[in-house]
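Consider the two complexes below, in which subunit A is the common component and subunit B and subunit C are the respective partners.
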Partner chain A sequence: MITEIAPAPGRAAAEPARPRGRRRRAWDQVPRWQIYLPLSLYLLFTLIPFYWILLFALRPAGSTSLVPWPLTFEHFEKVWIDRSFGVYFRNSVLVGVSTLVLTTLVALAGGYALARFDFRAKRGFMLALLCSQFVPGALLLVPLFQIFASLKMINSLGSVIIAETVFQLPLSMILISGFIRNVPPSLEEAAWVDGCGRLAAFRIVVLPLLRPGLVAVGSFAFVHAWNHFLFALMFLSEQGKQTIPVGLNTLMSADSVDLGALAAGGIVAAVPVVIVFAFIQKWLITGFSAGAVKG
Partner chain B sequence: MKSSIRISRRAAVAVALGSVLALTATACGDDGTEGGNGAEGSGKGEITFWDNNGGVRTDIWKQIIADFEREYPDITVHYVGIPAASAQSKYDTAIQGGGLPDVGGVGTAMLAGLAAQGALEPLDDRLADSPLHGHLSENLLQVSKAAGGGDALYQIPTSANNGTLWYRTDLFRKAGLDAPTTWSRFYEAAEKLTDPGRNAFGFTIRGGEGSIAPALDAVYGQTGITSFWNGDKTTVNDPRNVKALEKYVALYKKNTPSADVNNDFTKMVAQWDSGTIGMLSHNLGSYQDHLKALGKDKFRGIPNPTLEDGRRVQVSNPVDGLSLFRTSKNKAAAWKFIEFAASHEENSKFNESAGQVPANTDAAKDAWIQSSEPTRLAAEALNGGSTTIVQLPYYLPDWNTISKADNEPNFQKLLLGKITAKQFLDTLADQLNKAQAEWKQRKG
Partner chain C sequence: MAQAAAVADPPAPPRRRRVSATPRRLPYLLIAPAALLMLGFIAYPVLSVFYYSLRDYNPTKPWRNGWAGLDNFVHAFTQDPQFRDSLVFSAQWVVVEVGLQLVFGLALALIVNQTFVGRALGRALVFSPWAVSGVLTSVIWVLLYNSQTGITRYLADLGVGSYGTSWLSDTSTVFPAAVVADLWRGVPFFAILILADLQSVSKDLYEAAEVDGASRLQKFRHITLPHLKDAIVLSTLLRAVWEFNNVDLLYTLTGGGPAGETTTLPLYVANTSVDAHDFGYASALTTVAFVILLFCSIVYLRLSKFGGEK
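Entry: the complex of A and B
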């Protein structure tokens, strides 16, 4: 059976008439189940691992039940208190938020310079920024370690924040410069005419228009810093300084894994990222699509 | 106006570039390498200890450290727990970049690499003058010495692991099967306990990460070949081993789940603990996981099956231990900690918690071992006269590469029938022979 979906009356009146070609008609005539069935299957495929994690986190150790019943929070209690995830969580928040703030501020300054000024080494600088993206973090571990050691910054969250910021900056700067280029310079010039200085014009006129870009860059920096394992593992030693990804790894020993605790730890690690994405997804999509147009 | 704009442009560019370069400058800089031979120190003060199996062992190490600090109030130990999977890379980075600890947990699998890089202090003389002398298992000391290259002792062994065949006693009882104490009983049980329609399988095979050692264990165990080397050539591709491997991998899909091709120990243990699979070949380390999942009455852990004549041949398992790092500025205090941790009481406490066989011979006689059947049987197998250990060449600096990156994908191909057992073992043998020749040449 083919179902015709009539457009909602209000919407039909508000929208201008669009040419409905043969392809468009064919698309509208596709039975709904042909759309929803594959989407549901895909969703099922994607969500089963998440269900598996929830199941292991919420059912008692040793249970083989396929539903999390009887419900228990023993694994969460174990990771949060016994395995110090409360401390790791606090450290990860500190690293993530600091990286976000630092990356956004420096990328704004650098991106503005790239978008608004012409200088001799601009092309070379852009090329260097792009090339730096090809260098894996692991390659720079030893020099970074030596530098932080000489600065007495080993075992300090500052070393991880700086390293994360450094690795986030090139892409962030390129993205931000694209957003700034999309803001007509005449807007800033009008603000200058009205008596604003460059900084005030940027703050009052340009900055509000960059919100999608800032959200995109900031969230990208936060999520990357939140999930990154290597720098935290190498630069931090004291247990009270370690972050969530390192904590998650310590739940797996050489010969034994507590799957309930691992699943609970995974949920603790994932929840902030999911919340961040839930709040910012609107700006994120706008931000990435707008920033991707020009580089 | 024009000039002020130019000045502000320049200033903005300078500020922007300056801030970026200040941050990117961290990627190139001075040499802070911590080198040298360290110092004996006063035997007091602070030392740092890296636990190569951090997390799960953190609590017991903290207890041992507390005991130590009570015994030696003028020494403070800083504990650093490192995830097991990342211990090697953390050590390697610290060797290159500085910041090695005074004492570190080092397994035999990484001992050769660390010793070859000159990171470890030889311990033979210290052990000879120590109260520990004569109280550590000679077998394990030999393994430790061989794993470090054979010239010196770079590790004080604390624990031995052992290959263990875990089997479901409830399923065996139901099927009227005897315990799989011999290889023929093992194959018989694998066959009888398989019923794919009920998702029941006789065995779960390790096809993913870490597959090579268990496969070699099964191969040497079945053929009874007792040495890994015959002169300068490995025995790994001996025709009897080829035949044994063919028989072992034939279990795949026939008596094992097909997903086993990707099994690392995590998946394998989880699958065995939550499913209806008769047998699992792992080591003592997963005992607590089985206990939590199945309860104590549904399973047993026994050493690897024997040949029909009662002889047991098995490959050497990694020995865990403590090493003293050459760069330590307080070697005297660090050695006191190693001595203390390997002493009777503390070694017993550690191994009871870890479920492993103590290296301290006095600790190995303690009562808890008698009540922990898998550990007791493993200890008896390791020290018993009827067991021969085939020493895997942990001392080869290339061993980790050969036994992991180079051949784990090949083992998966073998399971999937894309190469034969002979091709697999010939490739492995070729690489081992070359690595052995290179190692001998380097040693002179």
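Entry: the complex of A and C
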């Protein structure tokens, strides 16, 4: 939204000074069809799959109609109760929210240190952060499994929460330290002069300015933990402990796949993510572009 | 290193008086939780992978466990055709996916960066698959590709193809079918990053170019593209690593099949360790994957002179 408003004032101010006609705006040169035609084609490609899953979730089993009519919610009932997606949903929420909180707190502390201090281990730590982004969690399944087994954390949601947090941390911390660097240190110093301690100054002055960035990082962590599959598959084998992606995989790998239930389960998996994104979309773009300024 | 050793910021007078919270130790306290988590759950596992890659280690065959030296690696490169196939397929998968995602993502970003009626809605819809997980992507495309009530049925109704076609279980169609499914989710990633970077192109440059009578293509080539270069390099690299590593989609969509046709190296590693419990050999394969990732990243950053000469 910001991006739509931003260019206007500058232009308006510059306009009267120059002869008319020479200053055609950049977007006036693009014929409309060159925007709408490729965009519509791409939208078809994007939206048909979404329509397809809605169609399968809402039409009766065995129907081949291309409109979801007569409307039915039998698949949702079946998947929520018979296939225990209600339980999976609760577990996924626990994993997602815990990962969000843990990642944001730990990354905030570390990010602040990276942004505001010069210390001996800083370079090494930054390098470790960058390198760890290239370490694939999928390839560490076996050692991670052994670690969690020795901690007696297999079949506990804690194992997945820790694993998701650890792999979210590097990027989150790099982004957050970028956000903090964008806040002028003089603001904080002014608060110190006024008698605030470092923590109070941070909470009162810096934290409110970080909100868009934190929303972006936190929601990213939540969505990632919500969506991620492999850790949960490996570390949670007990049925009542599994998360939604694992439940979906179970439905998909059945001998004869119940397509209606699968579609309904998929929609159950998508709803929280859709809600999160609907709320934060505006903050997400500003948050990420703010972080990109000084990575 | 020398500058890094110099302690703390230039001491601002207020800080000396006000903030007594041992500034020397404070940064270490702040990074401690992150550092401990990463040591325990990234560094230690990586080191143990290196260690086990030099051993025979299989919990189901404990009598064979022991030091193996480089045997695992020798075996991988000389006697394991599946390993070679998985490497080839990984390369194919990464190049095709990242290449197509970059092209479509760039085009899409340029389009939705224009001003037009319905832009906000257009952006939201076009970007929406980005948030869809690998598993959910598989669910959606399994529904689309299923042989009974999938898209092929309706195509056959129109006289295209034949009934009962299953693109995912036919070795000649499984690759494009999986590529399209992953593109659906991957293109918005590039589009979002490039769009964010497009916001910071200086408008003055375009105006200057317009005064000089530059065409749209010239403006794209000489202003937009150079500006986007860093973002493109970085997102391409990140995406390539991600596509190489990610197993969610292929694991659930094709399971690496049919007939091992879509098994990437990480998928092969997962199968080797999860199904065959051959942890030593899986660790050796993982080590190979690390080396490949590291090498490709360095070469790529060098070639593209990332961030310009400094």
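Quick notes on this structure:
Basically, the second predicted complex is superposed on the first by the 260 of 295 C-alpha atoms of A that agree within 3 Å, B and C clash if a C-alpha of one lies under 4 Å from a C-alpha of the other, contacts with A are read in each partner's own complex, and residues count from 1 in each chain.
By definition in this document, contacts are C-beta pairs under 8 Å (C-beta built on N, C-alpha and C of every residue); 3 or more make two chains touch, one makes a residue touch a chain.
Since the structure is predicted, the reported quantities are computational estimates derived from the model, not experimental observations.
After superposition onto subunit A, the modelled positions of subunit B and subunit C overlap sterically.
In the superposition on chain A, A:T165 contacts both subunit B and subunit C. Between subunit B and subunit C, C touches the greater number of residues of subunit A. Of the two partner chains, subunit B is the only one that A:A61 touches; subunit C does not reach it.
With both structures placed on the common chain, the touch criterion links A:F50 to subunit C but leaves subunit B unconnected.
Look at A:Q239: by the touch rule set out above, it reaches subunit B but stays clear of subunit C.
Once chain A of one complex is fitted onto chain A of the other, the partner contacts of A:M173 extend to both subunit B and subunit C. By the touch criterion defined above, A:A109 reaches both subunit B and subunit C.
Legend: residue contacts after superposition of the two complexes on their common chain; A:Y36 is shown touching subunit C, with no touch to subunit B.
Of the two partner chains, subunit B is the only one touched by A:A149; subunit C is not.
By the touch criterion stated above, A:W226 is placed in contact with subunit C alone, subunit B being left untouched. For the superposition on chain A, the stretches of subunit B under consideration are 238-246, 256-264, 382-390 or 436-444; the one running into subunit C is 256-264.
The residues of subunit A shared by its contacts with subunit B and with subunit C are 64, 106, 109-110, 112-114, 116-117, 119, 125, 132, 140-144, 146-147, 162-163, 165-166, 169, 173, 198, 234, 249, 251-253, 257, 259. Those residues of subunit A whose C-beta lies close enough to touch subunit B in the complex are 61-62, 64, 83, 106, 109-110, 112-114, 116-117, 119, 125, 132, 140-150, 154, 162-163, 165-166, 169, 173, 198, 233-234, 237-239, 246-247, 249-259.
Those residues of subunit B whose C-beta lies close enough to touch subunit A in the complex are 8-9, 12-13, 15-17, 19-20, 23-24, 26-34, 48, 50, 53-58, 78-86, 89-90, 93-94, 96-99, 107, 161, 265-266, 269-270, 273-274, 282-286, 288-289, 292-295. Partner subunit C is touched in their complex by these residues of subunit A: 1, 3-4, 7, 10-11, 22-24, 26-27, 29-30, 32, 35-36, 38-39, 42-43, 45-50, 52-53, 56, 64, 66, 106-107, 109-110, 112-114, 116-123, 125, 128, 132-144, 146-147, 162-163, 165-167, 169-170, 173, 185, 189, 192-193, 195-198, 223, 226-230, 234, 245, 248-249, 251-253, 257, 259, 262-263, 265-266, 269-270, 273-274, 276-277, 281, 285, 288-289, 292-293.
The residues of subunit C lying in touch with subunit A in their complex are 1, 4-9, 12, 14-15, 18-19, 21, 23-24, 26-28, 30-31, 33-35, 37-38, 40-46, 48-49, 52, 104, 107-108, 111-112, 114-116, 119-120, 122, 124-126, 128-129, 131-136, 138-144, 146, 149, 151, 153-154, 184, 192, 195-197, 199-200, 203, 206-207, 210-211, 216, 219, 231, 238, 241, 244-248, 251-252, 255, 266, 269-270, 273-274, 279, 282-283, 286, 289-290, 293-294, 297.
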